[in-house]
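You will see subunit A twice below: alongside subunit B first, and alongside subunit C after that.
So, the complex of A and B:
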């Protein structure tokens, strides 16, 4: 199997025949949600989003309303998940916390996706000095572990939601950019790029109308799978005390807080844990389903494999 | 003609194979019986989708997971029915008893392993399976090297250490053959083994296969869509249609006297010297997908000789004067129903009646040259400056892809450019439409020198000069629908809506149904995708179209209809066409002028008829001799006129005449003095030019004494 074919297998594309052709982004989403796993995970994500949006209506109490008479209680009719050390309602805080999770993760990942795609496309298509400079930037960013980069930047910027989103975004961006660049490099060699040029199409048109639709779909998968990681990183930074700061009802903050009181009342950490598990699983399953849709059973490459194997082990 | 021996080496009996998909089942082989005799070469031909490759894979038991043998047996002498063997036994047969050569030598070898490692692995796998202790590493290595030598690889012990990318396509195919030969198998299955190669390389590979048959007595099952190749190589030919054997004849007869209408139709679609200037015959419709064995003749819907008998019952194989044919016209009880027996000529005639005569309106040909190329050179790798960090200066060799070509092309004419791969013909074509910057020389387009024009002028030039690309799939943006691909040129050039043609009109112009507008390129067949490529090039109504190998990879019928389409469009739109191809027959059928290129230079140029009748360059002569021709039994001639070797390494052209290392008539002067492109001296053809010191002699047929170049082995590429 040729190197390119191997790459196509890995990226979920095949050169001939039964290649998956999504009819636009909506068509792609429709194909994803048509599968049971896709429908379930997308439904779950939708539910979580609605929860976040309607948290103020759903939550029985305010996120920071203190009730000093009932601190560290277990579940009861008034407080379904109990209260914390200051008597705040755990359920309400978890519901409000989902807002923070999405407010950080979505802008971080989508921003990284947009910026990374543009830089990757530019680097891959233009090549030469532009490519070299951008590659150095990407590699420099990648060489810092995300947490170290976060610790350094957050101590400068302070722990607001925006700065946490920015830090997570910037640590994800170079991975997306490198992937898009590599894909663009191989896509650029295809004859259709030459064919478009021969029609008089501008570089911008070739990049946006022709190369982008071909390099972006594999990235959707990665983006879907990175959203829960971003939420976990966000919670982790808050847990370490450098992320979103204390009074904000953030899952990481709640976890850190609940951790100190775990001996007295373990109920505080239950909510964030369930939230994180559901969120992470849903997005991961959605990402997996997207990949399955993009790459239905790798039918053709497998046949090439068979022939070649047969020949070698013959 | 060796008749099939009493006990065939490989016998296939009543074989039926079906593919199952979620929705349906499709019959790929329908009751096929074949026998491959000892040291026989049996050809299998047919369009794509006729079950040829399935046949090969079934023999090896390598059907894809959804393929199933419904009934029938495949038996190999000494092993009985292969279906009964265990997987381990079958593995020991593959490669050892039955070996395969695949079509594409570029992807069939592992790029990360040296040739030697790959040859050794195959042998070691078998040695391990047999637990035979006698095979030392040394003897395996010697065996591999001797096989490399046998297939004509120059310097085999060095080649052993090299990697696939260091070899050309032809040499890689030789390596594949050497691999197939390691155990001197009884049977070799060659699945489109020469389809990806140039005519000269193809001839060499065929020659090699013939020789192997003679020395080892190997039986070869040669699967191909190319009627010409099959007729030249094979002892016996089986024509397959829709999973059935429709005709079985001796090799030469398949081109000279085919009996089944399908074989005749295939032959009528192949361009040759008789089809010059005429429309090629085509076969309407497509190979049917069948779930069950058909109750009628499966070719009847596309046949031009169909009678009611054909649609009511199923023909058996009947005897004809040359072999067997599955057609009622040869059945003793039905034969009298055909007043005119099916024949290739009759197919041609009826096909021409069906085709509506192309309208001759809209002729916008003012005479005078449209394109004038002066001493054009395109060199690669020369402009690179040495790197700053490099400790030693980077010595880059210059590849002279196009090296001093001058041409003029009048409006409304078709110029054919012929040559092997590596001759620079595609580079010339791309330079012509400004996809590559020339290193030197001028290209004048309609009086304007387009080598030095501004970006704005290039944009305007692109509207007038278009290219049809070689690979129809990869030249169409894969995630766009056909409709938007066709209207894109309008958007790019901001053509007002009122001046646009509708997608339906554009599709109709290239004979595509309107229903494909919402398809994606990968959903089209090769012929359809090619038509979309042509339509896209013509949307802007250009003056010049460069068509790069427009029939490459298409089977005969699809290729013929593509050629017809180009000819029609030329007539209707007054197009000027540059037709690039390595297929001389194709070029001579449709082009007004021919230009033969070798190693970046034009070696012969002139009016097609003149060049065809009196070729003045030995290279042209050889190319002509390699083209299949039903009027000659060309097997013997082919051997004599074989062009040995390949185009030498492009960065170091040989001194003197660049063709001399491969020329059988080369004299001393050829090794020193490069011949100029000069009139070949034919009376009444002053435009006929050739670059050969002996052009007049070659043209007149007074050939210098041929030198023995040791045909196969001597043609070592300079890189080795």
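So, the complex of A and C:
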């Protein structure tokens, strides 16, 4: 779906509104987890988060403890996923790697969500030249697929966890901004906004009390689908050697290391691959369940969510 | 329609110009001495002097941005400070390799993804449909570099069906070396397109014009492939613009994994060498390709869906 067409679909149809009215965030989450697919994927995500939090307790070895006598071994009772070229335990490194994944993805997505929402609300509500300038900037940023933006910025910023999170945040931000802007435009036309304004409410009050709650629900879905996107991008950049740097136990770093030894021992890449696929699948299923709950007939914003399946933008 | 094309073209030109300004300014936005930021802490005084001279880092910033834009429009991206050759001549043949790979992956995506989607829609609720839906969820969640690594492991390292690395000589070798990289990039789109075509075909099958065609006594096969499929492929057209951009971005990983010469592998090694002029030129080409792809897809989408064509006054900024 092209960006232009996406926005048209959204603008054209979101004005009709969805029939689903969630009773708060908790009510929405309850409705999602009541479905089997939602419960299973949410449970899996919870498990992954717990793994990340308790990685130091779960991991049988330290992420960087070297054992030169046992290098590039296959699976064994001592090392369930084998060891790498320095004799480090692959399983332990993968478990610690889930920490790095969330450390990058959560701030990146949250930052993109907050900054994008504010800019989108401003552009949509003010309109005029401010809107035009912001839209061109969003379009310019959208024209860089995340990995390309990563190449450009990280070559100058260097590959720390903070700069990788910053770069991924920048690449996700314009999508939130455009979405919120389009929603704001269609909400602004509604009678209740005019009524509220004529009753003397300030623009800011209308924006925060009335427009924001109305445009927010579809964003939960996009946040859910962006977290795995961010992790996939982060690991991809590290794999190319431009993101988080060795010896950090990061999934991308482990993949890159395993890639150089792929001819002798393939076991190193198994862990990160399983981690990435389970994580991305869980979030995809959760996001789709959320979408089904929000829009049972799949009539309204189906197409805006299609982009969010595009993990290839990694 | 003409008005739409002109407006849309205008916006694309503005966006490309803004991107050029961003890329021209970027080294000055990071705090610190630009030459140091580009070359890193271990640069020798000679290379620093060289990059200052080649990129004109001592001239006013607006002049640097202007020179970069003026050069880029004329197909010149400055001098590579490490090899002292023009960046444009270094980009030439890798760019061709990348474009060939992207194009082959694009055609392969459509050629396999669309038939799978049709199959799933026609056999809705059957075993084929269930397999397609299950497999597509899994494929949609697998990043291209993971597919690439797995294919490399299965077919090139363990069984030498395909060359693991590089591009061997000869036409046969060139084609053989394209197989694994192209499949790595297309796999995601097989899943994506299969789902898209399936759902839009099912949607089209419920439309009144299908009932009308049946009432006219049209053969079920003719309805399916001539009437329904034509309608179901319209959303695919809108998708192709994004596909081109994302396939191009994916080539970065695939070129790295299969050690193919290309724009992506050139950019990645340029980053390792801190060769900013080359990185910047490559990034600009990717962004421009993304914009052109989207422009063409948007125009094609409007052209194919007459309902959209009526909205002449549609605001192109939206």
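The rule we apply is simple: the second predicted complex is superposed on the first by the 279 of 314 C-alpha atoms of A that agree within 3 Å, B and C clash if a C-alpha of one lies under 4 Å from a C-alpha of the other, contacts with A are read in each partner's own complex, and residues count from 1 in each chain.
Operating definition for what follows: a residue touches a chain if its C-beta (ideal position, glycine included) is under 8 Å from a C-beta of that chain, and two chains touch if they have at least 3 such contacts.
Just so you know, these numbers come straight off a predicted model, no measurement behind them.
Q: Considering only touches as defined above, state whether A:190 meets subunit B (first), subunit C (second), both or neither.
A: first
Q: Look at A:100 in the shared chain and tell me whether it touches subunit B only, subunit C only, both, or neither; answer first, second, both or neither.
A: After superposition on chain A, A:100 lies in contact with neither partner.
Q: I'd like to know which partner A:139 touches here: subunit B for first, subunit C for second, both or neither.
A: second
Q: More residues of subunit A are touched by which chain, subunit B or subunit C?
A: Ranking subunit B and subunit C by residues of subunit A touched puts C first.
Q: Who does A:42 touch here: subunit B (first), subunit C (second), both, or neither?
A: After superposing on A, A:42 lies clear of both subunit B and subunit C.
Q: Would you tell me the residues on subunit A in contact with subunit B in one complex that are also in contact with subunit C in the other?
A: 1-3, 5, 303, 306-307, 310-314
Q: Along subunit A, where are the residues that touch subunit B in the complex?
A: Spelled out, the residues of subunit A in touch with subunit B are 1-3, 5, 16-19, 21-22, 190-192, 194-202, 205, 209-210, 213-214, 303-304, 306-308, 310-314.
Q: Report the residues of subunit C in contact with subunit A in the complex, numbered from low to high.
A: Where subunit C meets subunit A, its residues are 8, 11, 14-15, 18-19, 22-23, 26-27, 30, 37-38, 137-138, 140-146, 149-150, 152-153, 157, 185, 188-189, 192, 196, 235, 238-239, 241-242, 245-250, 252-253, 256-257, 267-268, 270-272, 274, 276, 279-280, 282-283, 286-287, 290-291, 294, 297-298, 301, 308, 314, 316-318.
Q: List the residues on subunit A that touch subunit C in their complex, please.
A: Per the stated touch rule, the residues are 1-5, 7-8, 11, 131-132, 135-137, 139-140, 143-148, 151-157, 182, 185, 228, 232, 235-236, 239-242, 255, 259, 262-263, 266, 269, 273, 276-277, 280-281, 283-285, 303, 306-307, 309-314.
Q: Write out the stretch or stretches of subunit B touching subunit A in their complex.
A: Of all residues in subunit B, those touching subunit A are 60, 62, 64, 91, 93-96, 99-100, 102, 106-108, 111, 118, 121-122, 125-126, 179, 430, 433, 435, 458-459, 462-463, 466-467, 469-471, 473-480, 488-489, 492-493, 520, 522-523, 533, 536, 540.
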